[in-house]
Amino acid sequence: MVVVMHETASEENIQNVIAKLTKINFDVHRSTGVNQTVLGAVGDKRGLDPRELEVLPDVYKVVQITEPFKLASRTFQPRDTIVKAGPVTIGGDKLVMMAGPCSVEGRDEIREIAEVLANAGASVLRGGAFKPRSSPYSFQGLGEEGLRYLSDAARENNMVSVSEVMESSQIPLLLEHIDILQVGARNMQNFSLLRDLGKIRKPVLLKRGLSATIEELLMAAEYIMAGGNYDVILCERGIRTFEKYTRNTLDLSAVPVVKKLSHLPIVADPSHATGRRDKVTPMARAAIAAGTDGLLVEVHQNPEEAMSDGAQSLYPEQFQRLMQELDIIARAVGKTW
Amino acid sequence: MVVVMHETASEENIQNVIAKLTKINFDVHRSTGVNQTVLGAVGDKRGLDPRELEVLPDVYKVVQITEPFKLASRTFQPRDTIVKAGPVTIGGDKLVMMAGPCSVEGRDEIREIAEVLANAGASVLRGGAFKPRSSPYSFQGLGEEGLRYLSDAARENNMVSVSEVMESSQIPLLLEHIDILQVGARNMQNFSLLRDLGKIRKPVLLKRGLSATIEELLMAAEYIMAGGNYDVILCERGIRTFEKYTRNTLDLSAVPVVKKLSHLPIVADPSHATGRRDKVTPMARAAIAAGTDGLLVEVHQNPEEAMSDGAQSLYPEQFQRLMQELDIIARAVGKTW
Amino acid sequence: MVVVMHETASEENIQNVIAKLTKINFDVHRSTGVNQTVLGAVGDKRGLDPRELEVLPDVYKVVQITEPFKLASRTFQPRDTIVKAGPVTIGGDKLVMMAGPCSVEGRDEIREIAEVLANAGASVLRGGAFKPRSSPYSFQGLGEEGLRYLSDAARENNMVSVSEVMESSQIPLLLEHIDILQVGARNMQNFSLLRDLGKIRKPVLLKRGLSATIEELLMAAEYIMAGGNYDVILCERGIRTFEKYTRNTLDLSAVPVVKKLSHLPIVADPSHATGRRDKVTPMARAAIAAGTDGLLVEVHQNPEEAMSDGAQSLYPEQFQRLMQELDIIARAVGKTW
Amino acid sequence: MVVVMHETASEENIQNVIAKLTKINFDVHRSTGVNQTVLGAVGDKRGLDPRELEVLPDVYKVVQITEPFKLASRTFQPRDTIVKAGPVTIGGDKLVMMAGPCSVEGRDEIREIAEVLANAGASVLRGGAFKPRSSPYSFQGLGEEGLRYLSDAARENNMVSVSEVMESSQIPLLLEHIDILQVGARNMQNFSLLRDLGKIRKPVLLKRGLSATIEELLMAAEYIMAGGNYDVILCERGIRTFEKYTRNTLDLSAVPVVKKLSHLPIVADPSHATGRRDKVTPMARAAIAAGTDGLLVEVHQNPEEAMSDGAQSLYPEQFQRLMQELDIIARAVGKTW
């Protein structure tokens, strides 16, 4: 931590800050310049709120010099984490395609689309069973039945499954059926849920909150990892901006930023980010070109009839064509499917 | 719902939209202008995703003509809701002051500050027992013990208590001890929690999410009310903006906006919004001047030693002076303490 | 400037940074902690882009320890600036009301409203003659004629005038007629215009950009002051947020923040911020309660017929009632009209 | 325009709205539903402020059913505009690379880098001569001399030139030397400048404002086109978001959105968007994959010594490697360099 004092700071107030820092076990290095005094404080106090120092008299600025996350940091682990879910790996040189409908709508429906997706090259089957809809009057999902249908459809097609967990009480049910547990954007800072997911031993797909910074996303990953579960896959799914023509704004620069700060894999979800089918294909291509480890894409055999998010679901043919375009782009970034 | 077709829309595509609307039980009024066809659709389908129409060929724009919330709307209930918690009322012409430390730190500490606050005019005692900190390495609260201390200190001073509930499993514990259950900003769209709070019969203080719109805040209230619990108090606590000199930006225009759209009471929390003690007093004054029904303010007998959020806690003397200033402003807006 | 090196920084890369800093005439204090090396750099290089250091190998973070503005800073001038425009003062213990229509629409119209406003207590008459409308198809203002009408109406009512300058070539014309030159939100970073306004000797009313930070607002003031014109009045007029029920979000916390950082006076414009007449009164009250030095409010004798911004213009009676309410609030903050 | 009345609207207030609409020459179609009355208004009043209707009693919502821009719209011109600057075309199936240093720093420096860029495949040479720096204490550019150096270097390497115009008075100078005039992000809504650029007959490269929506960008283009200059090239250069690890957030979804709404070409500037050299390459690749018509990239032969924006300038070797990667991606989207 570096504490910069005001140009006009009194010696008494400088000593006051030094005393406070010493009291909480920091080593303090004082550096007195022509205009200003700067205090370098070294110690291990990750939980300290820098504002406690900022409100002291004559303090101009407090700067944290260590990232607030540790386990998620590339400084802690320089080599890329490769998450394993059954035979599927996420991270490294091999790209992963996670695809499926927004909601599991029935046994036959999920089977049918799973076969199409597997044939086109997807290895993870997605589908929601508990739907955290923003209106209490919307379809809320099939529940456990949906999880079973999803799991069966995945296994029959040599895929693994991913589905969203909305609250801690659902964890045992998901563990029984599902290979990768997804945390939705609105729950990214549901710290109780994150803490409980730290205790399980299956991979967690963690979606970035609608207006979370990358640092907050990595702090959320840290919550899970601090519990002992290191298999976290990050997911960029669009942030809220002033733009109204898209549902959210896919922040693809998050990809190279995360790659530099962290060893965790990161995938992108162009379906939720754009909210419109015709924007999914260009943004999926762009995500791979930017260096993501894979994609999460909504596909439905009959989007007009989808029970949720039909507007952003690709038709099967669109998905097949996309996979071909992505094959070419993968080569440009030195990866394979 | 109003569906505006493209200027160049074909008759076939117009008929296609009419068919879709009819299928989902809307009455359709067609209005064909010189340049464009506009379809007015009347029906009760609150859960419909407008994007399902927007992706149809030749649709230019879809406009919802009813608010997505109903029970929270002033159209539904024209007169102001006055929430009762013991002898305290929130809403109407009487202002309410909710004050206390960020966290309950001990039995004596909360007693001491409660007495100060009650003497200065506060009627609701706040204090956290479960702390949803953004770092897993920070102080996490006293738990049930904290709830008991808070409740005792409130009762001894003829106050009622408010404390945050972080997850559904904590609800029974809070119901046993606490008068008003608070939903934190990060949980504003934790729909499982909201649904469960709809089943209880104690007031809920619902904080606006960090980047939630007012419509989303009212939709969250609707979730609770749809379960049968109509005693919802809204709380403006600052939204995320680009400004860095304050922690968040207190959006006081939310107060007159909510007053027009809804019958629910709304209070403001200048402590979390600004994050700095010296900004709390001016913003507290401004909130009352803007027409809030009350305030939620952090006060600590010794902010430098506070276990959390000391930087934004007022000293007892500052709080007493604030109450005097607010007395004058209350008169300007026709209210009393 | 403080340069924090990575935990794993090599000695070579540390020396490289020291060499770069020394080359640009900084004195460097090195502080080597257990985990990290921190370099304190002292020197006068306000124009240095910190990113030039951030991209050097093994640099973790670069922190500026002086504000980028100097003349606008309270460190530079501790006592409040009081700007004079004829007999009117802005800043200090006396509040100022600037009011008038959005656009000057005609000689009689501006005269009529000026009389009403002066009688109610306004001392500055506002009105636009060059309208920077976001659509090229909207009313663009009366030009020089409008300036003359505005100036005459102000003088006849013992008021001074304020009007917007859109480009440098208009400066001479405004200087001839107008007492305070206004820079609109969209021009806040039109650095050519700011530079030219630094050369004049009349006060400048500088509006905060729609998504400018307070630091950027003060940097814009610095541009004007660096040219020798110290009479800058800042104006908070709402920032862009995700909220849709208001046109912009009036950031009243900017008031105490500016008061701490700078000696310049600051007023608020609740009309442009909210965009709706019924929100202007509560936000005007809140602005005074938050500590502004005055207000800029749109009033029109017949808002339904206004040629621009009628929706946000108060009726004369509303304005008179507002002035009465503000009288009471002024007392709470120790000021007078 | 569609005006939706409140559910409880009185007949008198409905008639009042109809009268207002009729007065401003709209044809009104009334549609009375079970709950609500909807008024469809057809007419040509692009400049009308919808708030003028919204503030009328019992009006619930006003919806514009035509885009506020016309000349820039794909409805107005369905086929892609291909802008010509000398032998270079922008738009269509051929991609364009615009590259060069942030500022022109000297005759030899610009010549040297121009040769490198031309050999690697760039056809437009960029370089600033008037620098709109946010600090008044930074390097402000070489002025006319810089324009001449840029123009000479471009011609000697069979390239065309692009440079920024900061104010109307500079237009003649730029017209004399430069092939494409650039409007910077901070000037996107400098309507005086846009109006004057509508009168020239050279292409304009219009950068999106830091927090402008796509609609506002297209409205700014409309301003130029309304003056008769149809050769507008749009440029996505990053928007302001809450993310701090990048300077701005490159909004690549703007590319497919603009392609659908407008016939104008759009390029991306990953250098200003990210502000960091190591993020430029992935985002440049992503931009081409998303469907842009080209790129604007900063390259410097010696970035550490650059007089401005060195941190975001590529090294020549990085640029050459980027061009090779982009060759592959161009194929995936059916384009060529």
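Letters A, B, C and D name the chains as they come in the text, with residue numbers starting at 1 for each one.
Methods note: a residue touches a chain if its C-beta (ideal position, glycine included) is under 8 Å from a C-beta of that chain, and two chains touch if they have at least 3 such contacts.
Quick caveat, the model's predicted, so the values are computed rather than measured.
Engineer: Among the remaining chains, which ones contact both chain A and chain B?
Structural biologist: The common neighbours are C, D.
Engineer: Would you pick out the chains that touch chain A and also touch chain C?
Structural biologist: B, D
Engineer: If you average the CA coordinates per chain, which chain's centre is most distant from that of chain A?
Structural biologist: Farthest from chain A by mean C-alpha position: C.
Engineer: Considering B-D alongside A-D, which chain pair is linked by more C-beta pairs in contact?
Structural biologist: A-D
Engineer: Using mean C-alpha positions as chain centres, tell me how far chain C is from chain D in Å, no decimals.
Structural biologist: 27
Engineer: Quick one: chain A and chain D, Cα centre-to-centre, how many Å?
Structural biologist: One centre to the other, that is 31 Å.
Engineer: Quick one: chain B and chain D, Cα centre-to-centre, how many Å?
Structural biologist: Those two chain centres are 38 Å apart.
Engineer: Multi-chain contacts only, two chains or more: what residues does chain B have there?
Structural biologist: Touching at least two other chains: 211, 240, 242, 278.
Engineer: Which positions of chain C touch chain B when the two form their complex?
Structural biologist: These residues of chain C touch chain B: 211, 213-215, 239, 241-246, 249-257, 260-261, 273-274, 278-279, 282-283, 285-291, 325-326, 328-329, 331-333.
Engineer: Going by the contact rule at the top, pick out the chain A residues touching chain B in the complex.
Structural biologist: 20, 46-47, 49, 51-52, 54-55, 68, 132-139, 166-169, 186-187, 189-193, 195, 210-211, 216, 219, 222-223, 226, 240, 275-278, 303-304, 308-312
Engineer: Inside the complex, what are the residues of chain B that reach chain D?
Structural biologist: These residues of chain B touch chain D: 2, 4, 6-8, 27, 29, 31, 33-36, 38, 40, 42, 60-61, 63, 65-66, 75, 240, 242.
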